[in-house]
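Mind looking over this structure? Questions follow.
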Amino acid sequence: MGLESIYTQLIMEHNRSSHNRRALKNPDISERGYNPNCGDDIVLEVEIEDNIIKDAAYSGVGCAISQASTSMMIDLVKGKSIDEALKLVDIFLSMIKKDITAEEELEVLEDSIIFQNISNMPARVKCAVLAWHSLREGLKHV
Amino acid sequence: MVKLDIEGIIDDFPTLNQDVNGHRLAYLDSAATTQRPIQVLDAMAKYNKISNGNPHRGAYQLSIRATEEYDFSRQRVKEFINAREVKEIIFTRNTTESLNLIANSYGMEFVKEGDEIVLSISEHHSNILPWQRVARQKGAVLKYMYLDDKGRITDEEMDRVIGSKTKIVAIAHMSNVLGTIHPIREIVERARRVGATVVVDGAQAVPHMKVDVRELDADFYVFSGHKMLGPMGIGVLYGKRKLLEDMPPYLLGGDMIEYVTEQDATFAPIPHKFEAGTQNVEGAVGLGAAIEYIEDIGLDSIRDHEMKLMEYTLDRLLDIPYVGIQGPKDLKSKGGIISFTIDGVHPHDVSTILDAYGVAIRSGHHCAQPLMKYMGLPATSRLSFYLYNTKEDVDQFIRAIKNVRKWLGYGA
Amino acid sequence: MVKLDIEGIIDDFPTLNQDVNGHRLAYLDSAATTQRPIQVLDAMAKYNKISNGNPHRGAYQLSIRATEEYDFSRQRVKEFINAREVKEIIFTRNTTESLNLIANSYGMEFVKEGDEIVLSISEHHSNILPWQRVARQKGAVLKYMYLDDKGRITDEEMDRVIGSKTKIVAIAHMSNVLGTIHPIREIVERARRVGATVVVDGAQAVPHMKVDVRELDADFYVFSGHKMLGPMGIGVLYGKRKLLEDMPPYLLGGDMIEYVTEQDATFAPIPHKFEAGTQNVEGAVGLGAAIEYIEDIGLDSIRDHEMKLMEYTLDRLLDIPYVGIQGPKDLKSKGGIISFTIDGVHPHDVSTILDAYGVAIRSGHHCAQPLMKYMGLPATSRLSFYLYNTKEDVDQFIRAIKNVRKWLGYGA
Amino acid sequence: MGLESIYTQLIMEHNRSSHNRRALKNPDISERGYNPNCGDDIVLEVEIEDNIIKDAAYSGVGCAISQASTSMMIDLVKGKSIDEALKLVDIFLSMIKKDITAEEELEVLEDSIIFQNISNMPARVKCAVLAWHSLREGLKHV
């Protein structure tokens, strides 16, 4: 896989954008995600109201892939119900594992579909999935 | 002995003569693991085809040959680091196991409540975690020597931390992150004054510079085969005879015994006391062949070669405004390792992008999280040299570095 | 899959195609260590020439390949012994280290004062000494199951020794001295009733018979690569996930961490928690290739082949009046191992004399001194088979045996 | 080295002879010698009077080589002074290590000179030296 398919315009924009990079006032969830091999270390915060993800944001450090993946995920799940969000996490992780490959099924992931081929870069898979795992962990404990 | 010429030796290394991602491979991660020359692979293949047997136990030819090969490698290691006696050389699996053995057998036995164990902040996790466990279990105190802004331990810092309560000082000879060569002689001197034992992690030093354990007067000195052209799965623990004799064994079973009854056992003398189970003879043979290869080139030539490459690299790297370099820049006090960062780019992205240009470097915490924290960095990228690297590797690296920021959307 | 034909495979084994002391080599010491087929040597050479890197840490091709090869071998081991999950497979150095790991991490953590640890009297030192240490440090009691006159553990003996206080039962699947296959299922059943944990030393079983850890329902199961056509320096520890997760780590350092601060650390999940330091990737690759070779032949064919050789040998050996055979003679309950003595000749002399005829067997206590004591013998000679042995080896062995007493001045 | 040079008439005679295989009544030295690799396990007993080895004997199990070597050693040192015996032990061990090879120097070992080439059978060296090491250890503590 060439660098083009991973260091894309879209990923770079999310990597450098700061609209999801902030702290929430009263997060219901604050979940640390850490990848000991490369040092990606984020804290994902989520505000929940009536079972709906009202707001989400992140802080911490990480590579372009983990940062972009986190930011895209936040854009995706905001406004969704907990169940919907968990469903999306499942679909994303299945996409990464190549368990789901059909375009129609992946559409719901919106921009995040761009990570479909990250498994061709095995050393970076963990960066792409970090935030998604953290969200799942966090939602478990609501 | 006719010295091999360091130019052209790359032909001895099959892994290095390949293309990756459409580029020639520039392997700049020898601090993680080194590539093996055919001479080492051949020596192991030969052992496996002619002499393989379980050593020490058989009265037949294959077992006798295996025993001889194993003993010969031990002898070679002894001479390589100038130990006093062969029985001071214990074969282990790697540096990590050697350090665990020392911490468990020596540390757990002799460290008492209130004693202090001194490390440097730049230690590899393998030289931190075993001591944390000793400190916790024994009620001892773990203290750190910090680095100055050039990445070095000053005399004042040693004097501040090493004191009358110090029982053990455990320190890397060369930092695997910054390349700093730590002042072992000075540390040993201070340790002697207070009666402390010095454990030196030589994983990064032994492959790259002449190490004489008698001259250093270290009490323990450890290293790994795979970082010095040898195979994985074999490492060395040197210890002064008296200390080794006083330590309880670590792994139990197999060959390391004298009498075993249902409820009790007595142990064989050193080195066997510390080598339980079937020995890794082919690993020892590979390490022996690696030592022979290194000696044929000569450690002085290797160091010289690496320092020339370092100068060449630093000259170019220091010119690039968005590159930051951690640790000493003075070549005398460091080995062939450079840790660096690129403004605005996470080190992990640096590695991936360089890989696309055929350049293999490493990014992360390099198993030295306390150092990262101390430096205030989440991670760094690291380049490291060995005898097979060339200016061509450096040129390829520099070209790739200059492309990195482009991929992340920066002008340059 | 086309099965390899077991006849003629000796050509795959370079060590076996040589003369020693002017005779063809009859290698009959595979219980000590096995010879490697070229397929295994080639797999390791290929790794060393194409894919070598430090796994888990690099974002470049060589490191990625090394990681993939390592993971692939783990997967292969998992399938070979039918574990539930790959993370239940820990790579160690050998059986001895696996057993030490279990005794130290599981035993030291969970065995309490007054608990009983049950072994069989026929255990290898590697499955005795670590438990002696646990018993001593924890104030637990070490108990033995003894063998009946056929070298077996009877139901009554299990019932006598395994009881409500039993915390751990540690036992070899196959005895390395007598070849007895111990009744693991029956032992596990009794252990379950009293809530004890069962540790199975599979060093002699895994190479020679189909082992299914789920069917056995053992809690831990361990073995060595070098006894199953693989290289030295690599071993396996299988443990049930829940147990492994609850155990503290053993070796500390390197890759097995999550966060490390100056004074503390948290650990990676299994299997990494137990694999500190640079992994022996080439060892794992060699073991993977060995498993492939074994599966190509098929464990049923191997067992079948060995049993035919056993029958052939026992027929001849039982005919010689001055030869005594220890342990079971019933082939169903034993593997391809025969311990024997020759009247009036010390076993050590037997080995030396056989070696002069090109026959490699082992004599001594076979790392099982308590069993020797129990049998009232200072030592025995031992012959052991593997898939590459032939009737020709047996004939050569029998001819040599018939010469032994002559050298010691007996008429025959 | 062929078996002929090791399983010789002389060694076999000593191996099977029992004249030194007995227990002493009042030994001044009783030293266990053990070779964990092969299980040779002997007890050497020595009676000393006025610095002279008055009697010596052994018990225990071992291979032909260790038994013969023990027996020959006993024949050799009986009647010698402690210093002379220690000297003989040194010469024997030096012979095994090939530090001494000159026939004239080795003559004092009498029959034991037959072990000169045992070093060509490395697995058996320990058997040949076992009793000699035990004697040295034992004499140290007189």
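Should a chain be cited, it is by its letter among A, B, C and D, assigned in written order, with residues numbered from 1 in that chain.
Following the convention adopted for this analysis, a residue touches a chain if its C-beta (ideal position, glycine included) is under 8 Å from a C-beta of that chain, and two chains touch if they have at least 3 such contacts.
As the structure is a prediction and not an experimental result, all values here were calculated from the model.
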item	value
C-D or A-C - the one linked by more C-beta pairs in contact	C-D
CA centroid of subunit A to CA centroid of subunit C, Å	46
Computed distance of Cα centres, subunit B from subunit A, in Å	38
Where subunit B and subunit C are represented by their mean Cα positions, the distance between them in whole Å	31
Residues of subunit D engaged with two or more neighbouring chains	36-38, 121, 123-124
Residues of subunit C touching at least two other chains	57-60, 63, 257, 259, 348, 351-352, 363-364
Interchain contacts, given as pairs of chains that touch	A-B, A-C, B-C, B-D, C-D
Touching residues on subunit D, where the partner in the complex is subunit C	2-3, 6-7, 9, 12-13, 15-16, 36-41, 61-65, 67, 121, 123-124, 127
Residue ranges of subunit A in contact with subunit C within the complex	34, 36-38, 121-124
Residues of subunit B defined as touching subunit D within the complex	56-60, 63-64, 67-68, 257-259, 268
Residues of subunit B that touch subunit A when the two form their complex	345-349, 351-353, 356, 363-365, 372, 378-379, 407-409
Subunit C contact footprint on subunit B (complex, rising order)	14-15, 18, 20-21, 25, 27, 29, 32-33, 35-36, 41, 45, 48-54, 57-63, 93-97, 99-100, 121, 124-130, 132-133, 135, 142, 144, 224, 226, 231-234, 251-255, 257, 259-265, 276-283, 348, 351-352, 354-355, 359-364, 367, 369-370, 373
